[in-house]
Structure formats: structure tokens, C-alpha cells
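Here is the structure we will look at.
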Amino acid sequence: MDEQKKSLLNVHSYTKECIERYDGASSQQTKTSDAPPLIRMKLSDAIFNLCRANSLWPLTFGLSCCAIEMMCCGMARFDMARYGAEVFRPSPRQSDLMIVAGTVNRKMAPALVTLYEQMPAPRYVIAMGNCAMAGGPFAVEANYDVVLGVDQLIPVDVYIPGCPPRPEALIEGILQLQEKITGKRFPLPQNKMPKGA
Amino acid sequence: MSMNVEVLEDDKHHRYVLNMGPQHPSTHGVLRVLLELEGEYAMNLLPVLGYGHRCHEKIAEFKPAKSFMPNTARMDYLGALIYNHGFAQLLERACGIEVPERVEYIRVITSELNRIQSHLLWYGAYLLDLGAFTPIMYAFDDREHILDILEDVTGSRLTYCYFRVGGVSKDIDDKFVTSTRAFVKRLRGRFPMYEDLVNGNVILQNRLIDIGELTPQTCARYGVTGPLLRGTGVAYDIRRAEPYSIYSKFDFEIPTETKGDCMASFLVRFRELEQSLRIIEQALDSLPEGPIMAAKVPKKLKIPAGDYNSSVEAPRGELSYYLVSDGSDVPYRLKVRTPSYSNLSIVPEVCQGMLISDVVSAMGSLDLVIPEIDR
Amino acid sequence: MDINNVKKQWQTLATTVEAVDYAVSGHDYSLSLERDKVRDFAAFMLEEGFYLVDLMAVHVTPAIEVVYQFAHVETRCRVLARAFVDDNVEMPTISDIYQGANWHERETRDFHGVVFIDHPYLHPLILPEEDVELKPLLKAEAKLKDVEAIRRQPPEPAPEPKPKAKPEAKPEPPKSQEQS
Amino acid sequence: MTEQYLVDYMYVLVLLVMGAICGLAPLLISTFFAPRELYNKTLDTYECGMDPFGTAWNIRFDISYYLYALIFLAFDVDILYLFPVATAFDKVSAVRGISELLIFVGILSLAIVYAWVKGVFSWTNRRKAC
């Protein structure tokens, strides 16, 4: 009974997997099944995509500075609620959008991949900020710990540059994701905003 | 009293070990705390750090000292200008550069605005941890005002890189002065509303009073500084104890409490908002004219060999830089002593045996910023 | 906490006690300690009411130098105490006196590989578990400097305000520190 | 006369069917239309991105939870007896109905008063390591 016990701080079961993915050796071998839905109809797809795009529930995954701009986005002034994205779910089970807001380092990579895999099937990823895109200000010769870009670990749908990107950039990223899901960009509510708002 | 990892492994005690792990709403970032639970009581806690480590100190040894300024803002992004101030002061001390009078005033005004912004975010996030959703909306509404004021001058909203060695990069105009005065008046008017909405709330008091008590001796043994130390009755504030820049010119009190529990540090931070407003007003009244850059700042900053210290009062406690220079312009070794690092180290002793919800409220009162701990 | 008898006590504990100009270097006293005196120095400082600001290591040639920084709450007095690690890079721990040093020591071990003797839980703190041997902050051979190079050069006899010219002859360092 | 009888039962049947549909429809939709993309860790227990330690089966629960269950049980049974009262409520004068109801519930709530006095509801906020 002793040997298979994991020491508390021991290596996460996904560390080897992350190292392989980071070196480009394996690409998402951990996918066990990838069957499409049982009933595939154009109409049902259109309806479901419309619903998914307009109610993207992000996972609270704030790692560093970009997390504060993500919070500003959720607040009254920039208000992601206009696009259905303001419900920040703490657990990946109830969220379908993972906004990687901050720097991912080698110790955090296994947790990132685990959380990505524990989200229900139609899952989307936004890489927010230069650190999540390509290591940002830490992609220097002296860096021994920061993962240069989240897309080497998990597939990313929308990249948002900036350090940290402005809240408007995050909202534009969500609109781009909605366009990617449904194929068309929704008439922005801003068009009907009262003058001077 | 710290968690003994070996005892746990063979599981004789059938205690339930839970990860309050890297992705958790109440850890304000990627801090992982191992809770060894007995029913609702966390009998042992073991914070595990390193999930936000970004090699700042190694980067400092590869770049000229002047170009490390953006990194200081990314260590504690809520007190970025104060981190800039500490680093600029470090290099000015080392190279003997005199800073013009106006620059000192600009630095104090913008640093205090940054301190208010950091305390407002703490105020909202802490109450969000305790389950209150409305105060964070009010706090962020005020905070956005500061972000606009500082954005006109510094150009960014969060990770400022506004100070330079010997001065600042852009002068403040009178639009900045008028909007700052308007903001001071507005925020001072909202304090009664905050007082009624939150501080007087009985649920908050039950959640905070007698939770996580600290004594000055514990703070000395752990190196805890900032609002937590002032909560225990010790009026230690670097702006008053080691007056740097021109803080000696302003009169402001150091708010302290006596009990040292979560409510004490809550009230101390809340009252510090008022003191920062007073400093800003006095600084705005006596803002001198003058250049915004020291006369002769060498392009390649030769730092004479030796080791230098500079400590400033960050929103969370004492921030001190320690620079070892071997005469070239690249630092030989730069260590940044960040306040939350020592503030967090009291968790295993103070939160031992607490209910889980009290652990969340005690850690929220530490006002943690994780990349500042992991550097 | 009156500074005089504290200084007398320092004379007994530390090998050199040097008052330093706060305006330039940011701390008041710079001491260098023997390795085995570190624990009783820490105990004495705790009695006097100092709190441990920081504990860090600097990689220099004869041996890695561990720097302790103390400050006092009532009176302004910043003290920097230095000690050299012994040959197999070990240092007595002070985490039972100053519990705050527990994490500082684990971090110094992460970055510099300084092993602190009878430290309660010397696991890596900041680096991942399997990176015990990484020791990122150790200097590459080319950049490694002697300990004298990072000491403050004695000010010129006439310290005129303009930046000092590079001293041609390397002045004999006043403190003779024979390190094994 | 029998039609009226049947019509009444028809309402009950319709409501039952509607309830079943509202219950099962989301389940059916999600089984048929949801994409089935599973990973290794999708079905593992979620613990903040980390691997959980050990199973949750062999932990010993605290005694205080057991007492909460007991009190819940007392009132669960109590509700059970109130269903027949509800049906026969209109045959008795209002005052008598209400007073008997209150006596019945009052007696049963003594269990809570007893538990309260015994301090089941007061959680000490600190428990020293045993």
C-alpha cells in the first residue's frame, strides 16, 4: 500500500505530459475519445452555437497582472455582461471558456492542462496578454521557468496582445470568439448606446 | 507545528487533505495551500508557492539596472508606482543623483494615488471573498477614476513604468491637478457610504472579529510589516520611521488598532485611505514648478561597487531592494524583499485549527498578491 | 533599545562592525559574522526587538555569502550582517529563532543551493519539486567575481561630488578577511 | 358522471407527463447533441487543478454533522404528518385547525430547543491540535 502513495508535494501526474507537449513531442495524446454528437443537424448546430456564443461562462483563472484587467472587465464600467460573459465560474465543470490571464510557468503547466481537460466538451481558450501568448516580458535569455506561450500546452482560440491588454481588448477578444463560434459577428449593443455614454 | 508531510503519507490519522490549490477564487492568484482537515477545522496548513514565479531576480542580473524598471511594476502590479519609487530611489542613492523638488512631489502624489487604488481593490476583493457582491462594484467604480487620472500621465492602467532614474518621464499638467482634486473630494464624500454599507455590517463583524489574532512579538518573529503590524498596535510605517523622499514634509497620522485580528487590519487599511487623501491634498497645494529630470543623469549608469538598500512603504508592508554592484551598470545581485512574502508565512501558525471559512477570511485580510510573493 | 550597549554586544559577536552612511547605502551598520556566531547573533537581535527583514545569498568566489538584514520598529536602525558558508555550502539555520527565516532559507536553498543545517522542512519552496539541483542564481564562471570586487571601495581622500575616477591601483582593502 | 371523474384524472396524467418531459428533455438533448470529446482527466475529481490525495471514502466524519442529520430527520417525519392535515383542513374551524397544528409542531420543535441548549449549533472557531 505504501509505494503507490503519492507524496503530497510530489510531481503532478501531468508534468511529463507537459514537458513532452512543450517540446512538441506529443500533441494531445491524452484525448481518449473524440466522437462527434450522435445527431448532427445543421439547424441544431446553428441553434446550439448561437446559445454557446452568447453565454460564454469564463473560468476564474487569473494568474497575474492580466487578472486585474479581467476583473475590471467584469465590473460596471467595461461590463462583459453585455455579451453574456460576466458569470465567472470558479470550477471548470461549469465553465466553457478558459481565459488564461497571466504568466504560466513550469510548475503551473500541469494544473493548466488538468483544468483544460476537466472542462465540458465545447471548450474555448483565450490567451490574454503577452505572457500567455509568447512569454511576454519574460521571454528573455535569463528565463528558466516561464512557459513561452500557452498554445504549446493547450489549443488556443483567440490571442489578445497587450501587457496587460485593456479591458476593451478583452471584450474584442470575446467578440472575436463569438464570431469564431457562430461565423458571424453580432450587431454590437454599442450601436444603440445612448449618446455620451 | 507545521504540517508533517511524512506523517500524512501513511494516512494513519485518516485526516482529509484538501488542495486549496493554485486555481481557487479566494487565493487571489496562484497560491496553493494544503489543508489537512478534521471535519470543518483546518488542523494543519502548508502554503506551496512557486506557481507564479517569473525569474525576476535572474533577469535583473542580465539587464542594465536602468532597464529593470518595467519588471518592478510587474512584481506587485497593484502598487506598481511604489515599486518604481523604491527602485528609482535605490539607483539614485547608489549613484548620488539629486532629484529636483517637483519630481519628489509628483512621485508622492502618484504613489499615494496608487496606494488608494490598491486598497480599493483589496476592499472589493476581500468582501467578495466573504460573499458580498456589491461593495466590489462601488470600489471598482472609484478605482476606475484613479486609473483614468494616472493613465493620462503614465500611459498605462496597471503596470506603470513612469519613474526614471533621476526623475519622471512626463510632467503633470493642471488637468491632472484638477481631476485629482475632484477625485479627492468625491472619494471623501463616499466614505460614509462605505462605512454604513460595509464596516457597520454585523455579518462582516462576526466574520472578522477575533479571527487570526496577531501579537507584535509574532510579527517580529515572522517579519510581518504593514497594515497587519499596525493592526497589532505598532505604529511602524516606513514613510514615518525612515522618511524617504519628502514624506517628512507632510503631516499625516499612522492609523493603528490594538487587537491585531482581521477587523483591526481591515480598519487600519480603510483609515489609510483617508491619510493618503490628506497627503495628496497637501502635496497638491505646495506643488513647486521646476524641471522633471535631474540635471546630469549619465546614459550608462555606473553604480559604484558596494551594496545598497532602499526600502519604501508598499500598500502591503515594507518593500526593500538590496542591490550588490560590482562597479558595472549591470547589478551583480538584486534581491527584492516583498511584504506579502513574510506576511503569508504566518498562515501555518495563525490559521492552525481554524474553520475553513475563517482561513479564507484570515488569508483575505493579508491582502496577498501572488506574483509579488513568488517574484 | 539603546544603541550603545547593542554595539558593545556586537563587538563581542561580530568580527567587524562598521557604521555606514545611511544616505548612500540605505543601511546603518554593516557587520560580518563568523558562521558559528550566527545563531546567537540572531537570538540577541530578537531579544533587542529587531525583526528579520530579509535573508539572501550572494554568489562570490571564496564562498557564497549569506546576508541577513535586520531592522528595528521603534528606532531607525538597519543592520546588515554577512557570513560566509563553509566548504560544503552549509549554514546553521535561524528558523527556530526567527520563524520568518524558514521560507527565506528554503528559497536561498532553491536559488543558491545553500543547505541550512537542521532546518525543519528543507523542501524546495519556489522551484518545482524536481528542480532541487537547478540553483538558477549561481553565477556563470565568467561573471563570478571576488568578494572584494563587490565591497564598497574606500572613498577617495577628497570625495569630490563628481563621480569618482576609476582607482588605478587596487587599494589594499582595509578589512583583512582571511577566509578559509 | 364518469366522464367528469375521468377528466379529473386526465389533469393529473397531463401534469405527470409534463413533469417527466421537463425532467428528461435536457438529459436527452445533452446525450444526443453534445460533442463527446473526453480526455484522461475529464472524469477525475476536480481539486483546483491538482491531483486529489487518496480517496474520500476512508475519512472519518465529524460528530457534529451526525447531529444535524438527526434534527433534519425529526422535522422530515413531522412534515409527513402534516399532509393529511392539509387535506382535512377545511372540515374543521380555522382556529382549531391552526391551534392543533401549532401544538403538534411545537412539541416536535422541542428537539431543536434541546439540541440548541446542548450547544450543537455553536461551533468553536478554534480547535487546538489534538
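By written order: A, B, C and D. Residues from 1 in each chain.
One rule holds for everything that comes next: a contact is a pair of C-beta atoms (placed from the backbone, for glycine too) under 8 Å apart; a residue touches a chain by one contact, two chains touch by 3 or more.
Given the structure is predicted, the values throughout are model-derived calculations rather than measurements.
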Pair sharing more residue contacts (C-beta pairs) when A-B is set against A-C: A-B
Chain centre separation (subunit A, subunit B; CA means) in Å: 28
Rounded Å distance, subunit A centre to subunit C centre (Cα mean): 44
Mean-CA-position distance for subunit C and subunit B (Å): 25
Mean-CA-position distance for subunit D and subunit C (Å): 63
Sites on subunit D at which at least two other chains make contact: 48-50, 53-54
Residue numbers of subunit B (touch at least two other chains): 5, 11, 17, 21-24, 50, 53, 55, 58, 61
Two or more partner chains touched - positions in subunit C: 123, 127-128, 136
Pairs of chains, among all present, that meet the touch criterion: A-B, A-C, A-D, B-C, B-D
Complex contacts: residues of subunit B adjacent to subunit A: 5, 8-11, 17, 21-25, 29-30, 34, 46, 48, 50-55, 58-59, 61-63, 70-71, 74, 77-78, 121, 125, 136-137, 140-141, 144, 147, 157-159, 370-371
For the subunit C and subunit B complex, residues of the former touching the latter: 23-27, 46, 49-54, 56, 58-59, 67, 69, 71, 73, 76, 78, 80, 97-100, 102-103, 111, 120-121, 123-128, 136-137, 139, 143, 145, 149-153, 161, 163-164
Residue ranges of subunit B in contact with subunit D within the complex: 1, 11, 14-24, 32, 38-41, 43-44, 210-211, 352-355, 358
Residues of subunit B defined as touching subunit C within the complex: 2, 5, 49-50, 53, 55, 57-58, 61, 90, 93-96, 216, 219-225, 229, 234, 236, 241-242, 298, 302, 304-311, 318, 320, 322, 324-327, 332-333, 335, 337, 341-342, 345, 349, 374-375
Interfacial residue positions of subunit A with respect to subunit C in the complex: 9-11, 15, 106-107, 144-145
